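Report on one structure; see the data block that follows.
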Amino acid sequence: MIVLEEGKGRLFTDPDPDRAREFFKKKSRKMQSKVMNLKEAIAKFVHDGDYLAVGGFGANRTPIAACQEILRQGRKNMAFAGKTATHDFQILAAGEVFNRLDVAYIVGLEARGLSPCSRKYMESGKVEVCEWTNYGLAARFKAAAMGVPYVPARNMLGTDTLRYSGAKVVECPFTGKRLTLLPALYPDVGVIHVHEADVYGNARIRGILIMDGDLSKAAKRLIITTERLISNDEIRRDPTSTSIPFYLVDAVCEVRYGAYPGTMPYEYFSDEEHLQQWLEVQKNTEEFRKFLNYNIYDCPDHYEYIRRNGGIEKMNELRHKELLLHKEITDARL
Amino acid sequence: MIVLEEGKGRLFTDPDPDRAREFFKKKSRKMQSKVMNLKEAIAKFVHDGDYLAVGGFGANRTPIAACQEILRQGRKNMAFAGKTATHDFQILAAGEVFNRLDVAYIVGLEARGLSPCSRKYMESGKVEVCEWTNYGLAARFKAAAMGVPYVPARNMLGTDTLRYSGAKVVECPFTGKRLTLLPALYPDVGVIHVHEADVYGNARIRGILIMDGDLSKAAKRLIITTERLISNDEIRRDPTSTSIPFYLVDAVCEVRYGAYPGTMPYEYFSDEEHLQQWLEVQKNTEEFRKFLNYNIYDCPDHYEYIRRNGGIEKMNELRHKELLLHKEITDARL
Amino acid sequence: MPDYNTMEIMICVAARELEDGATVGVGTGAPCAAAMLAQKTHSPNLVIMFEAGGVSPLLPEMPISVGDSRTFYKAVMASSMCDIMETCNRGFVDYTFLGGAQIDMYGNLNSTMIGEDYKKPKVRFPGSGGANDFASFCWRTMVVTLQDARRFVAKVDFLTTPGWLTGGDSRVKSGLPPGTGPYKIITNMGIMDFEPHSKRMRVISINPGYSFKHIQDNCGFELLQAKIIEETRPPTEDELRILREEVDPYKYVIGR
Amino acid sequence: MPDYNTMEIMICVAARELEDGATVGVGTGAPCAAAMLAQKTHSPNLVIMFEAGGVSPLLPEMPISVGDSRTFYKAVMASSMCDIMETCNRGFVDYTFLGGAQIDMYGNLNSTMIGEDYKKPKVRFPGSGGANDFASFCWRTMVVTLQDARRFVAKVDFLTTPGWLTGGDSRVKSGLPPGTGPYKIITNMGIMDFEPHSKRMRVISINPGYSFKHIQDNCGFELLQAKIIEETRPPTEDELRILREEVDPYKYVIGR
C-alpha cells in the first residue's frame, strides 16, 4: 500500500492486533469477584514504563483518586494518553510520572486557565511527544476496540499536527480520496471511574460516555473505580444499561467521590475553589511541594484527602451544586 | 493503494462520503414534529428503486408493519440489505419488492426453517446478489456512520464470500497484514422500530441494539416506527437512554405492535403459530396468494392485520409469553 | 448403558469440549443446547455470547433466534452485533459452533448455495450470517452435524466460511488471525480433528456402535486416522437427565 | 448607543451569524455565550453540540468544561466523543467556533506551541483538542479573537488546525472535505472573511470607533479589503440585556 505522507511521531504502543489477541487470549473470562482496594489495584496493574490511559474528560468523571495513588506509589517512565487531560494531567505532571505522551489536549484546564507545573514539565524537554487530536485518539481506541490495526479518517490533513503525529496518509481504493490512517492504540492499562459496578466488573456510566466504551475494550488491563458497588442482580435487571462488561475488567475498587475535585455527573460538581488553589499554588515551587505533600503524599488514601478538603459537608455542598439545588435553596431563602 | 484482491460483486450504493455529506448538509436539523401515519411516511420517503434497510434482527424488533405497508403500496425494483433478514425478507420477497440484494443471511427463519417463497424468488434469477456477512454489513453501516469510505476488517478472507462480495483486500501500512476493506453503505432509506420516541424523533431502544445505532446514522432518510410516543420532557429527563437523536429522523409513526408477528423485547413475544402458518401456506401458491390478500393487501393497516389474527387478546397472550408470565400462570394453576 | 438418540449424543459430546471459564459464541439449536448443558454440568462459568448482542443471559428456555429476547434475558449486557463480533476479533472468544450444508476435508463450510452457476443456484441457502465472522475471529471452531456423504464432500460448491482453506499454512497466509481455525467436527458417528501439518480431517474418536468404515462410507473424501482412536464416552445418566429435563424439556432440539 | 465592552460586541456579532435551525459545535467561553445568545434571540431552534457528547442541552448556566454535566443537562442525548465528531464528519454540523494563540492570513490556527524547535518549545500550549477535528469536519469555521499583531501573524509557528492552508485550492487538494473551511473571523475591531479565489483574509466590516488602519496596524500580515466594507451594527439594548441577565449573569465571559 503506497503511503503518500506520514507523521514523524513515534508510536508508543504496538498497533498489531495479533499481539493484542495473544494477550487477550490469556485474560481470564471467569465471572469472579475482582474487588480490591485502590492501593492494591494500582500496585498490581500499573507498572513503571506502562502506557496509561484514564477515562473521563479532563476534570469530568476522571479517576482522580487513582491518579493520586499512582503518584503516592511513585510510578515513573510511563507513557500517557493526553486526551483532553486537564487536572489528571497536572497531577501526573507534578509527579513526573510519564516521559512519553500522546497529545490531544494538555497543560490547560479549559476555561480555568493553564497549569504552570504542566507547562514547565512540557517545556523541560523531558517528555517525548506525539501529536494527535481528540477525535484522533478516540478513533485510535476505536480501532483497537474493533481489533483492527487502524481506522481511516479525514482529520489532521494538511497540518503540522499530522506531520508530528504517527498517522499515515493513503489513497482510498474505493473513492481515490486522501485518507488519514489512525493506528490502533492498546494501552497497557486503563482506569475508568463509573457510577455503579458489580463485584465482577459489570459497570454502568450515566451521562456522556466520552471515549470510555472504546477505551475499556482497548486497554489490556482495566481498573474500574466506582462510586458504589451494586448487586449482580441489579445489573441483570437492566442489561441495556451496562456500559462495560465484566470480562474486560481486572480490578473493581469502590471509591466514593473518586472523581473529586472533578465533576461526577448526577453525583457532585467540581470543587472550583480547590482547583483554583491548585493553579494558584503552582506559581511557587516550595508552596506547591507542601501542597502536594498535604493533599497527596501525606494522605494514606482518597478519603483522607477529602477529609482535608471539607469532608462530607463539602461533598454534600458539591452534590447540591451538581443537582442545581443550591439555586433552589437560595431562591427559597428569598 | 495496491489492491491485492477484490470481490466481483457490485456495490448498490455509493461509498463516497462527500456525496453523503452534500445530502446531509441539506437535511433539516430543526427540532420540529415529524409525526405522521405510516401510510404517509412510506409514500413520502420510500421510493421505487431506493436502497432499503430495516432495523432489528430477523423477527426481532423488526418493523414488520412498515414492510407490509411497502407491499401494499406496491414498491418495486428496490435494493435491500439482507442482514439476518427472515420474516421481513419473506414479506418483501412475496411482494417481489427488490431486485438487488446485499446478502448476509436470507431465505431462512433461523430455527423455524426455510421460506419456500424466499427461496423460489432467489432461485428465479430475478435478483442481483452481492455476498457479505453479518459483521460485514454491520461494519459497512459503521463506516457510513463514521463518515469514511470504508473500515478495515479481518473477516471473509480466503473465501468465496469475499470473491462474490464488493470488498477489497489490501496490505496494512502499519503491520503488513492482509486486511478486508468493507465499503460504507448509505441506504437511501432506513426503517427502525423502537420502544419509545418523542414527536421530534428522539428515540429509545431497550435490549440489544443490533446494528441500529450505526444504521440510523448511515441511512439518508430515516423512518421511526414506535410502540408509543413519549414527551420530550421524558427524553430530556434521561438523555443517557436516547438511542437515536432527532436530527437523523424524517418521520415518526406510532405503530403499537409494529413488530408483530415478531418479538418486541419487554413488550411481546413472537407469534410462532402465525409464523408457522406463513411457512406452511407458502407451499401452495394459490393458498399463499389468498393468505397475502387476507393478511396484507386487504388490510387497510397494521391494526386490522392484528385484529384478523387475534386482536388485543392475542397481544396480551404474547405479552405474557415475553415476560414469562405464562409460566407463572400455569405454575399457579398447579 | 442408557438409551439416547443421535442428537443427544452429539450435544453431550459437544458440551464436554467447553471447559469452565471459557467464552463461546453460539447460535440456536444444538450449539445452544450444548452450551447450556455444559453450564449445568462441568462449566458453571462458561460465558455464552449471541451475535446479535446478548452476553451471559440466564437462559429461561431455548432461544428460537440468536436475536430473540431470551438471548439477553437477565444478561449482564445487552449490546450489539458490532460489539460481539469485535469482541471475537479482539481474541476474547474461545469457541464457536457452526453448521452448514457442505463441509470439506479442511473444514471449509458452505451455507450459501448448491449448484455450478452462482447466478442461478440449484438451491439457495441463507448465506454466511455470522458464520464467516465467527470462524474468522474465534480461536476454535467446532461443527456439530450428521455424518452423511452428501454433507462431507470433496469440494464445497461455495466456500462460505473458512476452515483450513487448502490446508497447510494457507489459512494464515490468507490473512486470517493466526491461532484460529477448525478444531473438532462432532457427528453422530464420531469425532474428527485436523492433522497438524496437512490440516486434513482426521478421525480421533468413534461413537459406540460405529466403526471407522461407517464413518468413511458416509464421507465424500478420504479421512485420516489418528494413531490412537478412542471410543467416544456415551452420554451419562446425569447428562441425559439434565439435557432432557432442564435444557430442552420441550424437545425443540433433541426431539428432531 | 449603548455601552458595551470588546467581549460583548464580539459575542453579539458571532451570535448573529447563527441562523435558526442550524447546528453548531461549540467550546466553553465566548462561543458558548454566542450560541446561547442566538438561541435566546433569533435562533430558538439552534442545535448546540459539545464534543464530549452533549446534544441540545437546556444549559442552566455557562459550562466550565465542554465535558461538564451542564453540557448535557436536560439534553436530548448524552452521547460520546466519537458520536459527535462523526456526526460532524457526516456533514451534519454547520458551524464551529475556534480560537488559538496564532492565526495566519489563510485562517490556519496554532494552539500547540511557540518557538522554532518543536522538541523544545518556548511556550507549550494545549494542542489541537477537538479544534483540528471540528475545523476539518464542520462546514463553516468561525474564529472569535482579539485583534492583535502577535496573534495575527504572517506564519504560525505550528499549524495545529487547518484553515485554507496555503490558499487557493490547497485545502481541498489536501483531502479535507470539500465545502468546509474558515468562514468568518470576528474581532473587537471588525469582521473578516476570505477572498474566494486566493482564500486570503479580507475585511468586510469594521466595528464602531475603528478604521481599517486600526485593524491593519494590529495585524501581522497584509489584509485585503472587500469592495463594500460595512460598519458593524453595535449590540442592541435587547442583545446586551439578554447577554448580561440571562446568558452570563456571573460575568464568567463578558467580565474578562
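Think of it as A, B, C and D in the order they're written, each chain with its own count starting at 1.
Assume a contact is a pair of C-beta atoms (placed from the backbone, for glycine too) under 8 Å apart; a residue touches a chain by one contact, two chains touch by 3 or more.
Quick caveat: nothing in here was measured; it's all calculated off a predicted structure.
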Which one of the chains is farthest from subunit A, going by Cα centres?
C
Which chain pair is joined by more contacting C-beta pairs, B-C or B-D?
B-C
Rounded to the nearest whole Å, what is the centre-to-centre distance of subunit A and subunit C, using the mean of the C-alpha atoms as each centre?
41
Calculate how many whole Å lie between the centre of subunit A and the centre of subunit D, each centre taken as the average of the chain's C-alpha atoms.
28
Specify, in ascending order, the residues of subunit D that touch 2 or more different other chains.
72, 78-79, 82, 89, 137, 177
In subunit B, residues with contacts to at least two other chains:
17-18, 146-148, 153-154, 177, 179, 206-207, 239-240
Specify the contact topology among the chains shown, as one of line, ring, star, complete or other.
other
Throw together a list of every chain pair that touches.
A-B, A-C, A-D, B-C, B-D
For subunit D, which residues are in contact with subunit A within the complex?
27-29, 51-54, 60, 63-69, 71-72, 78-82, 85, 89, 108, 112, 118-133, 136-137, 158-162, 165, 170-171, 174-177, 252
Listed in rising order, subunit D residues that touch subunit B in their complex are 20-23, 45, 47, 55-56, 58, 72, 74-79, 82, 86-87, 89-92, 94, 137, 139, 177-179
Taking the complex as given, what residues does subunit B use to touch subunit D?
17-18, 20-25, 27-32, 144-148, 200, 202, 217, 232, 235-237, 239-240, 242, 245-247
In the complex formed with subunit B, which residues of subunit A make contact?
1-3, 15-18, 146-154, 168, 170-175, 177, 179, 181, 183, 206-207, 239-240
Considering only the defined contacts, which subunit A positions touch subunit D in the complex?
56-60, 82, 84, 86, 103-108, 110-112, 114, 119, 122-123, 125, 131-136, 138-139, 142, 153-161, 164, 169, 177-180, 206-211, 213-214, 263, 265-266, 269-270, 272, 322, 324, 327
